Amino acid sequence: MKLITTIIKPFKLDEVKEALIEIGVQGMTVTEVKGFGRQKGHKETYRGTEYQIDFVPKIKIELVIADELEQKVLETVTRAAKTGSIGDGKIFVSDLQGVIRIRTGETGEGAV
Amino acid sequence: MKLITTIIKPFKLDEVKEALIEIGVQGMTVTEVKGFGRQKGHKETYRGTEYQIDFVPKIKIELVIADELEQKVLETVTRAAKTGSIGDGKIFVSDLQGVIRIRTGETGEGAV
Amino acid sequence: MKLITTIIKPFKLDEVKEALIEIGVQGMTVTEVKGFGRQKGHKETYRGTEYQIDFVPKIKIELVIADELEQKVLETVTRAAKTGSIGDGKIFVSDLQGVIRIRTGETGEGAV
Amino acid sequence: MKRPICHQRFFIFLLMLFLCLSLSPAWAQEGGAGSQIDTGDTAWILMSSALVMCMVLPGLALFYGGLVRSKNVLGTIMHSAIILCLISIVWVVVGYSVAFGPDVGGFVGSLAHIGLAGVGTEAFPGTGIPHLLFMVFQLMFAAITVALITGSFAERMKFTALLLFSVLWSVFIYSPLAHWVWGGGWLQEMGALDFAGGSVVHISSGFAALVCAMVLGPRKGHGAEPMPPHNLPMTVLGTGLLWFGWFGFNAGSALGANGGAASAFVATHIAACAGGMSWMVAEWFRTGKPTMLGVASGIISGLATITPAAGFVGPMSALIIGLVAGTVCYAAVVWKARLGYDDSLDVVGIHGVGGFTGILATGLLASVGAQGLFFGNPGQFVTQLVLAVATLIFAVVGTYIILKVVDLTVGLRVSTDDEQVGLDLSQHNEKAYS
Amino acid sequence: MKRPICHQRFFIFLLMLFLCLSLSPAWAQEGGAGSQIDTGDTAWILMSSALVMCMVLPGLALFYGGLVRSKNVLGTIMHSAIILCLISIVWVVVGYSVAFGPDVGGFVGSLAHIGLAGVGTEAFPGTGIPHLLFMVFQLMFAAITVALITGSFAERMKFTALLLFSVLWSVFIYSPLAHWVWGGGWLQEMGALDFAGGSVVHISSGFAALVCAMVLGPRKGHGAEPMPPHNLPMTVLGTGLLWFGWFGFNAGSALGANGGAASAFVATHIAACAGGMSWMVAEWFRTGKPTMLGVASGIISGLATITPAAGFVGPMSALIIGLVAGTVCYAAVVWKARLGYDDSLDVVGIHGVGGFTGILATGLLASVGAQGLFFGNPGQFVTQLVLAVATLIFAVVGTYIILKVVDLTVGLRVSTDDEQVGLDLSQHNEKAYS
Amino acid sequence: MKRPICHQRFFIFLLMLFLCLSLSPAWAQEGGAGSQIDTGDTAWILMSSALVMCMVLPGLALFYGGLVRSKNVLGTIMHSAIILCLISIVWVVVGYSVAFGPDVGGFVGSLAHIGLAGVGTEAFPGTGIPHLLFMVFQLMFAAITVALITGSFAERMKFTALLLFSVLWSVFIYSPLAHWVWGGGWLQEMGALDFAGGSVVHISSGFAALVCAMVLGPRKGHGAEPMPPHNLPMTVLGTGLLWFGWFGFNAGSALGANGGAASAFVATHIAACAGGMSWMVAEWFRTGKPTMLGVASGIISGLATITPAAGFVGPMSALIIGLVAGTVCYAAVVWKARLGYDDSLDVVGIHGVGGFTGILATGLLASVGAQGLFFGNPGQFVTQLVLAVATLIFAVVGTYIILKVVDLTVGLRVSTDDEQVGLDLSQHNEKAYS
């Protein structure tokens, strides 16, 4: 099993979700995060005092999939999340030792 | 060392926490997440416009434990988080190369 | 590639970020989390009813780096995040199979 | 299954309304001579009526809304909002007549004013304000009284049940009570003193709340899991607006802009301040920390307690009443925990206990336009005792019967799942915050 | 490039102001004999003016602010806030004179009152209140009318465009309309009835909103991605404050504290309640759930619809008007979806349709101080029809022209990126919540 | 150690109160002939008193509460809330007498009115309103003045210190100042003009705030880490309520519903609008973006600056004053950064500078019932200068002494840990949002 973690621009979430469903992904977990990177943040002014905010809002999607789906998922996410401008985000791939579905106790690929 | 990541229903958090403490787990990190899966979301209506919301609120617990604790933890979480209805959530198991306790610099099992 | 996950005290975020930038880290992803551990929570009172809150607010930083940077990063984070009092947090190290930069499709170390 | 039924019910409700309309002689409204209308008095009661409306929405709605969990905030706010709409209509259609129509045996008003028949712009007897204005000022009282009760069954009442309960309670409990004390009924005949509603508004709603809490039972997880207020600044905002509106509630009850109004205004303000102070101090002693919610609760306690006395006491008596109110109501709220019922937002401890204390305090400290025990008139205290107890018994019994009726017809509580999900999504398909 | 330009524009604006000042004869202000001033009437209109101001800020600002996405809440609130500031100044400098200066051919007022020349503390003809007070009461109406429009182009209008649009619209659309109906213009001569602004305020802003929505085009992602309100309790708070202020708006339009004010107050309150009830019921039938936002929208619909009738109808007619308002406006809002334009916060469906309905309803149900069709005077209905249609056409055409002018000078919409980021950060360098 | 001590302190405080009570002759209150009471004037001042109360809570509480970090919002709101409760009691017990009791040597009032002795419903000399009403109207001014100061030491003041500071400051600074300017004291004798409190309220609180900021020192991390407002819509809501209430504050200071009140109302509104506009424009020039917080700050600046002039100037002068206010106060707030003290919520820049500017502007532009320099009376300007400087010096010196006393008794600041955790949890065991 693989755990695919991807950081994307918030307004891309729906697009990416739809694209993943099309290729048969049945579940995912989403977290609101703040990202720091090449994409520069923004300026805020309060009563003449200016703040430079480095962090930009991002969405993190965690996706557990069977190994054979890896390529398909990576391509799909890359395609769906891409705008071509700085800050599109990253995809991280790591191994999973095991998965359990709490409701049934099923393990392995049957559990996702 | 193992990293146990589990997605559960929000109102199960206290129960799961207590159960883990009982079996000697001393720490955990909790994140509010939104989940997509078999469990269907809900409908919202604003001035006659209806939205179908697919994401449901979930709680993610990250747990770093010594390898020998793995089985005990998996059983405990599965038991405590289970309601039997769709959406109970998942448990993911992965390997950790190392752990450090920042305060003391301790590493490995002594650090959790 | 390595994934460094660290849990720190919220008010340490800026310090840690600056320290990481100094040693050449170019990006990170930050999440607001709630931590449970040795550090005790706080008491809340509403109309004479008292609640004991066990969870304390923490910041989780996820950092993807090239293997050779690992030591430097671990030292830096430990130094920058340390206050010496209970609750300073942890650092977890795990392996990554791959990384992709969505914007360019670059993979591996070039992608972070 | 459920939905079509409640549709029917609504249809009937609407029909009923239109019926009243067509029957109503008040299509056009008789122009009043207005000869004795005083513009100053009218200006103040116009304003006071607006102020009391503001107490219900947004005042009480936010005061309660901030205290519940975020999944129930809209459902809670909705209670106050829809009660204001619904009871206002009930009031003009029938409620006002039951309360202030020509007396029938000292117990209710006749139906002479149904559909506001005969309620025009002429001066209301004994005042310098139009009859219509007196009617709408009283309307606001009718609405807020029912809305106060909702705090006791917050986060679990079925919406259809709320609607039915409100209509029945307003017509069969509130209107008669208002008649007894203010509409020429037997308690008024007895000489009972209730300046602005310590019995009619606060005792009645406060002890109705007790019955509701006991009949509906506690919220799922009550006592086990923490249920902290989701937004205390919202509750403080509500507190401020309630206080603001209470000046209309109490000083407006003088029905004119005169020395009596000024005196009631001052008493109201002092009692609110003293209530906030004394609750804070009491809590500080007991738990070691003063809290914002404590001060807010103390302010409302002081206001509820001074309500019946506002027009009858001097400023220093008001100070005493306020100091007592904050302490007594805090004690009541703390003891609640022991008794174990889930009066979710402490309507009993604040309005029930506060109102009861205020009615008795009036019997002790009245000194303006009436004498209490401390001013040489023990009889007044006895009368006040009768007033308080009669109101309490009537409210408790009546509320119990109404709840049973509602339970048998539409059912009182939402399902466990709906309660788990929260009222906002389960009852209203809405989320408060996105 | 852009910034320096708008700086210039501002400089010119300021210069203009100072010019008016120096020219203005109203440096010092003539003390009025004040002989016929009635303190009660004055007290009520002072209060009413404050109430109407409160409708704009915080009332409308929060009502709209809660309905947008959190990235646009400050930008949305800013619309109401800056319009109140800007239009108030425009009004005292020139707007009041155009609206209420000595009539010129039935179409506009002369510039006799420019810079408030000749507007002092003497009683305003036919009333017991100072002329200055009448002026400031009307000022609040001028401000809220423009602010209402902003709901239609929320979340995408360029800030400089908003400023220019507001000034032009107020001077060239609002002031003349106010003159036609209230300032001695041709519609008033015709005997058209608009008690508190069903045409001048609601039809004009409502249909101006329609043109704005169509000319600016929909928000990016409208229809595709969900855009739920970010904070409904904020919207409910706004609703409550609007309702509260509306008592000053309608009952204050009696320009005194008398039976007429009381009657308008009652009609206003009943219509608000009935509107809230009927929208809720209609939605309940259609979608199976009553919603808090529905009740809030219904309340505003009832208030907008009763506005022109408030002083002319009895309570039961007000009840009917309210019940109709909630249903009709809900239908309008639902149909909007079909028509496809993005009137983001439903200004058309609530104020346009509500105002139109109210003007016609006045022609049917007027019975106090005037007769409508149902009371034997069909002619009045025709006059009302003329009033409604004339206002609509003038507003639509005028708004279209002004939008074109603004588009050619400063441009109407923010860039796609700015819209993506949100108005708060892109237009104002601020975030609402941290 | 600490807690028991502060308990004691409270106990003593309560004892003191009851003492005053028992001594107080005002148990019952003398009914006033009320012969000369004017219902219209009374209606307006009843309303004005309620409006000024609304400025403190929820107005100022939310205005300040939105500007701090979320961990301190309850602690900040608590400041305004508890000051309203505490100072109201201090005022009726002793403050009113010190300020408005029979003059003693031009510096303070005698203790004749302690515990409101001799303050009844008879008309207050020279007005048509009851004495009690005048007292409570002034009470609200006393409360808000102390509350304004709290913005300067937000997020770090110890709660016990706040309580002690407030009582001392109110009795020893505010009451004497009120006597000097309004109670028949030496400045009033001199002919100094302060219509509604530019010196008594704004200069005094504004420069007291400066001393507080310097004595307490900056917040931990001030300058280093960003401290953006946690909820700007809350601050805008507070702004709107402050504006709304300010009509009572300024127009109410006419102590009647007459031409003077109308004129003050108009001046107040125009200055608020002009202040909002000019701050926005100034900020736009300097940082390239107009901000919502800027407009809100400008509005408050305009209101603070017009306060002393409201009853003495015509509308166009008010426009100038407002335009100047927004610019000058913005400059002051920007320069603060250079001076380096941490006046957390800009009390100095807005109220201190605004009030000072307003007192001088009155000396220049007064034209109604008094003449300023521009209207041929240079002497008035000198008098105003004396007024402003005397108030400033008295406030600065007095505040410094009081702070030292508080520091030596209960200590001024919370511990560094408590500041890190936030006032809500460390001082009050509460969280604002869950």
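Which chain is which? They are A, B, C, D, E and F, in the order written, and residues in each are numbered from 1.
Here is the rule we go by: a contact is a pair of C-beta atoms (placed from the backbone, for glycine too) under 8 Å apart; a residue touches a chain by one contact, two chains touch by 3 or more.
As the structure is a prediction and not an experimental result, all values here were calculated from the model.
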| item | value |
| --- | --- |
| Chains touching both chain D and chain F | C, E |
| Chain pair showing more contacts of the two, A-E and D-E | D-E |
| Rounded Å distance between chain C and chain E, as computed from the means of their C-alpha atoms | 52 |
| Computed distance of Cα centres, chain C from chain A, in Å | 18 |
| Interface hub residues of chain A, defined as touching at least two other chains | 31, 44-46, 50, 94-95 |
| For chain E, residues contacting two or more additional chains | 38-41, 43-44, 47, 228-229, 231, 237, 257, 287, 289, 291, 293, 429-431 |
| Touching chain combinations (by label order) | A-B, A-C, A-E, A-F, B-C, B-D, B-E, C-D, C-F, D-E, D-F, E-F |
| List of chain E residues in touch with chain F within their complex | 3, 6-7, 10, 14, 17, 21, 24, 26-29, 31-32, 34, 37-44, 46-47, 49-50, 53-54, 57-59, 61-62, 65, 73-75, 77-78, 81-82, 84-86, 88-89, 92, 115-116, 119-122, 129-130, 132-133, 135-136, 139, 159, 231, 234, 237, 257, 427-434 |
| Chain C contact footprint on chain B (complex, rising order) | 3, 17, 26-31, 64, 94-103, 105, 111-112 |
| Complex interface listing, chain F residues touching chain C | 221, 225, 420-421, 425, 429-431 |
| Chain F-facing residues of chain C, complex | 11, 14, 42-46, 50 |
| Residue numbers on chain A that touch chain F, as the complex places them | 44-51, 53 |
